[in-house]
Amino acid sequence: MSDETLALQNKNNSQKPSSKKFWDFLKSQRGWLFVLPAVVLMAIFTFYPIINAFVGAFKENYQALHLEGEKGYTGWGFENFVRVLKGDTGTGGASFMQCLFNTFVFTFISVPLSTLLALLISVGLTRIKVLQKAYQTVFFLPYLTNALAMGAVFATFFTIVGTSRNVETYGLMNNFLSLFGIKPVDWIGSGSPAWHWGSLNVPWAKYIVAIIYEVWSGLPFKILILFSALQNVNKQYYDAAKIDSASKSTVLWKITAPLISPMLSYLLITGLMGGMKQYSAIVGIFGADMGIDYDMGTMVGYIYQYIEKGATGFAFAGSLLLFAVIMVFTGINLIVSKKTVHY
Amino acid sequence: MKDLENKELLNQEEVTEVVEVEEAKALAAIDLNKEKARDKRAKIVGAILSYTFLTICAFFAFLPFYWMVISSLKPEYEYRRSVPTFFPHEFYFKNYAAVLSQTDTGSSGSFLQIIVNTLVVGLVSTSIGLVVIVITSYALARMEFKGKNLLFTLMLATMMIPGEMFTLTNYLTVSKWGWNDTFTVLILPFLVSIYYIYLLRNNFKQIPNSLYQAAKVDGLSDAGYLVKVMVPLTAPTLISVTLLKFIATWNSYIWPRLVNTQSWQLITNWVTRGFPDRGAKLYNGLYGTTMALTTLRMAAVCMVSLPLFILFIAFRKYIMHGVSKSGTKG
Amino acid sequence: MKKSILSVLLMVFLAALMVGCERQQATDYDKTIIFYSSQGDKLQGLTKLAIDAFEEKYPGWKVTHTPQGGYDDVRDKIVSDLQGGLQPDLAYCYADHVALYLQTGKVVDMAKLINSTQTVLDKDEKEVVIGYTAEEIADFVPGYYAEGKAQNFANYKDYGYDDDSMFMLPFVKSTELLYVNETALIKAGFKNADGSAKVATTWDELWSQGATLVKKYPTATVLGYDSEANWFITMCQQNGWGYTSTSADNHYLFNNEHTKAWLEELAGYYTKGYIVTQMDYGAYTSNLFTKGADDGGVIYCIGSSGGASYQATDLFQWGVYAIPGSRQEDGSINKSVISQGPNLVMLECGRCSSDEAKELKKQMTFLFLKELLNPVFQAQFSIDSGYNPSTQSTYQVDAYVEHLAGKTITARACVVAKTLTNDFFTSPAFVGSSGARTQVGNALNFAVTGQKTAAKALADAYANCGGK
């Protein structure tokens, strides 16, 4: 046996364990087999779209419809963002600033309002024994509904049917207000009252309708969370408060609220996130054009509108801006809640 | 002298203290009775206040549902009275018949077609989605492989990004692949729900490791352990996820509208269409052929909402549990 | 127990999968002509007859007719389809839709097919010429035919077409008509010497009748107008105020002193209860017309000739007239009226297996299109829909002649619409022209209902169109 063959044998010997090692390695990595379907699906429908959105937003004059073999865009740069922010898309339809403003108004009014109302209702729920479950169920009902279907129901409350000279029905809301001598308002029709600030429309009557809907539809989830949080608050705190003979409202604001503040902050964050993404409820109440000429448009509605128009670049830019807005609010929320929330 | 005085004073104080304590005890006894009475009164007042407040709120929370149901049962001319009726003077079940009798060629599409679409898409996407979620969460919770943590972090990170950012690219992708007007396009993009994977992974992690070791000793494979031990133990969460995923399909509107045409869309799209031609037939021309009648729309809305309520009544616990955990509609 | 539940679930799942597969069955794409329209129940049934006739004549060929809801739905669907190469071979269209599709270069230049002398064999081995003869081309109502020519579109040369290109052919047409409650007019004292109703022929006349009419009928509105946008565009045309142009420098001309003054005038009439529009009422105003003057309806109603059947009622004596005109400085009256209704556009086959298959499909699609334009079919379609046919020879088809002699409101509408042929106009088509339409309609609504001043409404509309 020459040295050479010996060396070869050695090599062979050492190879055997290495291939076994490789096999072992593969076996130890079989977890990938389990996550493979999810990874493939996410690669196509989640990760790729994120990258594509960041790339597409910088393609100038990016059109979905273009001649075959051509790129469909003219160059790279920030033009999409500039034109979206300036409202200068040249295609008509919604203006970004209007949509941003609307979204902020709906969210910043309806989220605190419904959280507060949910807190009061939850406190009320903890103080009763009889029928507690029944009330809980009723308050949870709005959660199960479909935003578009219930939007249509809300629209009926506010719709005036007929002409200005011959009104058939003023709608339930106006009927109710007339009990207090308030004149009928065209809540959601074409003559709905509005203020104008520069190029911004402020259709306040429609805002009220949207906010009422948002508060109503936001209650169930908030009550569910707050009620269970309240039930978990240690009874001892209340006994201590009783000895200090604190008044009920003091108990609520000084003891209960801080104790469930993590939950409140969680609700505010999820509420704000949800609020920023409003769309289908607005379509349900005000129709696919979101009011007249998108005066009730939201940021998500803005994006969909440009998808349908084939103005791909603007849609991407709009979606990145929405992302940025959400990130900013998440950041602010985290900072604020770190300072004020009692754990 | 001063010391003495001081002592006396101290003594006096002691005495008064003792007296005060005794007095306080007596007072406290009276107070306790008084307090009990006051407490009782306060409790009654509080309960009355609570019930009144809750009842008012519940009234408004429930009003839209009530209005939806009674509107769907009224004839259109009754609905249009200037003074609304809170109980139908005339029950008009024809509204439902009219909405159900939409044919495939009608302006709104047939009810049967749309319900079949929704059920097929709902069942298929829920069942396949559940399998994907279970095996992924299992691997993330129990198995070791290179890059697991990176993968998990990436997945969680995407939850921060609004879904609307994906929609456009996904729309372009499926258009390019020619998937418009298929069920595939309604199912595939929504199979992976990261939040549910996260939820289930945490659930799986809570199951003690000793069970796993015991199963290994009994000769169970990973897959066997997953099916025979983990799944039954996390059944409540799985049921919640199933229900919420199905409800999400039931309520989906934007994506089907974007990628599919009328007869390939889902039930929520159908509800929003209105039924103008039916109304004209129903009232023999009293209302124009182009007018969408509220009563008919409400009948459709009722029919869409009913299955959700049945689901809720049957699975109240699971749905509320799932919702309180996830806070999302799917 | 558990097992049986599981097995039932599995069965449901499998059944669902099968239903899914069943619906996704592939068809022979090369020999299936896909046609998108916005037809409702009744008209679909009619189109089915044309499809059956075509399929019988050319064995092996199929036509899949997919209605898409409204015109906008057809457009949105095609825009989406074009991105995946799934576009239909034939579709309903408006000129501004075609302006959008042109950007892809996939619109078939029909001039080549119209002039083609090639033939294909039908089921009896008979040769059928693909193109049209000169007489057949001359049979189209000239104004309708001219609408599809390349010159009416902006930038067509950028997309590979030339001056002779033809992008669409007219299918059926409609215009706007004035439907009048004659009984109400006569009762209010507006009658001619012979006792017939004195119907306003100009806008000034119409408004001058307003005061008497609202006084006589306390819940009635004088005029219901279905389309705000049409009203605006028609007024611009009648008075030469300027609406839009194809010139790329400035597409939008509608924000001017004349339109502003007119909108202010309308706002005044609105507060007096003279006007109701579709947006204002929330439904077509034909619903108001049929109510009658005593029941909160409208006395005059301007709506599409294609929607004449919706205006039908036995409650009172009605009449159909041309819409009011505008008096010019020289004393003449301009009665321009908008011409609308679907055209047909052909798109290149996106996924044909070969170039030959593509070419053949194009020819067969054109032959199917000819079936739809065949006078006998056009006559039946016009009778059922109330639209006007696009070929002159249709007016000689017996069934149509008989229909026009009838007393129904649809027949009357067809007769009146035919007399207006010389007053028809269409507005220029470019990418964004439909946006301008929406914007002027909104501006009218805002100004009339008093939400914005006329100046602000117009300025906003102009800015929203991207005008600077």
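A few notes on this one:
Per-chain residue numbering starts at 1, and chain names A, B and C are given in the order in which the chains are listed.
One rule holds in what follows: a contact is a pair of C-beta atoms (placed from the backbone, for glycine too) under 8 Å apart; a residue touches a chain by one contact, two chains touch by 3 or more.
All figures in this text were calculated on a predicted structure; none of them were measured in a lab.
Between the interfaces B-C and A-C, more contacting C-beta pairs are found at A-C. Across the assembly, the mean Cα position most removed from that of chain A is the one of C.
Measuring from the averaged C-alpha position of chain A to that of chain B gives a distance of 15 Å. Between the CA-based centres of chain B and chain C the separation comes to 44 Å, rounded to the whole angstrom.
If each chain is reduced to the centroid of its CA atoms, chain A and chain C end up 39 Å from each other.
The residues of chain C that reach two or more other chains are 83, listed in rising order. The set of chain A residues that touch two or more partner chains comprises 64, 159, 161, 168, 308.
Contact with two or more other chains is made by residues 171-172, 258 of chain B.
Those residues of chain A lying in contact with chain C across their complex are 63-68, 87-93, 95, 159, 161-166, 168, 189-194, 196, 199, 292-293, 308-310.
Per the touch definition, chain B reaches chain C in the complex via residues 103, 105-107, 116, 119-120, 123-124, 127, 171-172, 174-180, 182-184, 258-259, 261-262, 277, 285, 287-292. Across the complex, chain A is touched by residues 76, 79, 82-83, 100-101, 103-106, 159-160, 214, 218-221, 270, 273, 276-277, 279-282, 288, 295-298, 432, 435-436, 438-439, 442, 445-446, 449-452, 456, 460, 463-466 of chain C. For chain C in complex with chain B, the residues that touch the partner chain are 9, 12-13, 16-17, 19-20, 23-24, 40-41, 44-45, 66-69, 73, 77, 80-81, 83-86, 283-284, 286-287, 290, 307, 309-310, 351.
Against chain B, in their complex, chain A makes its touches with residues 28-32, 34-35, 37-39, 41-42, 44-50, 52-53, 56, 64, 117, 120-121, 124-125, 127-128, 135, 137-150, 152-154, 156-157, 159, 161, 167-170, 172, 175, 216, 219, 221, 224-225, 228, 248, 270, 276-277, 279-280, 283-284, 300, 303-304, 307-308, 312, 315-316, 319-320, 322-323, 326-327, 330.
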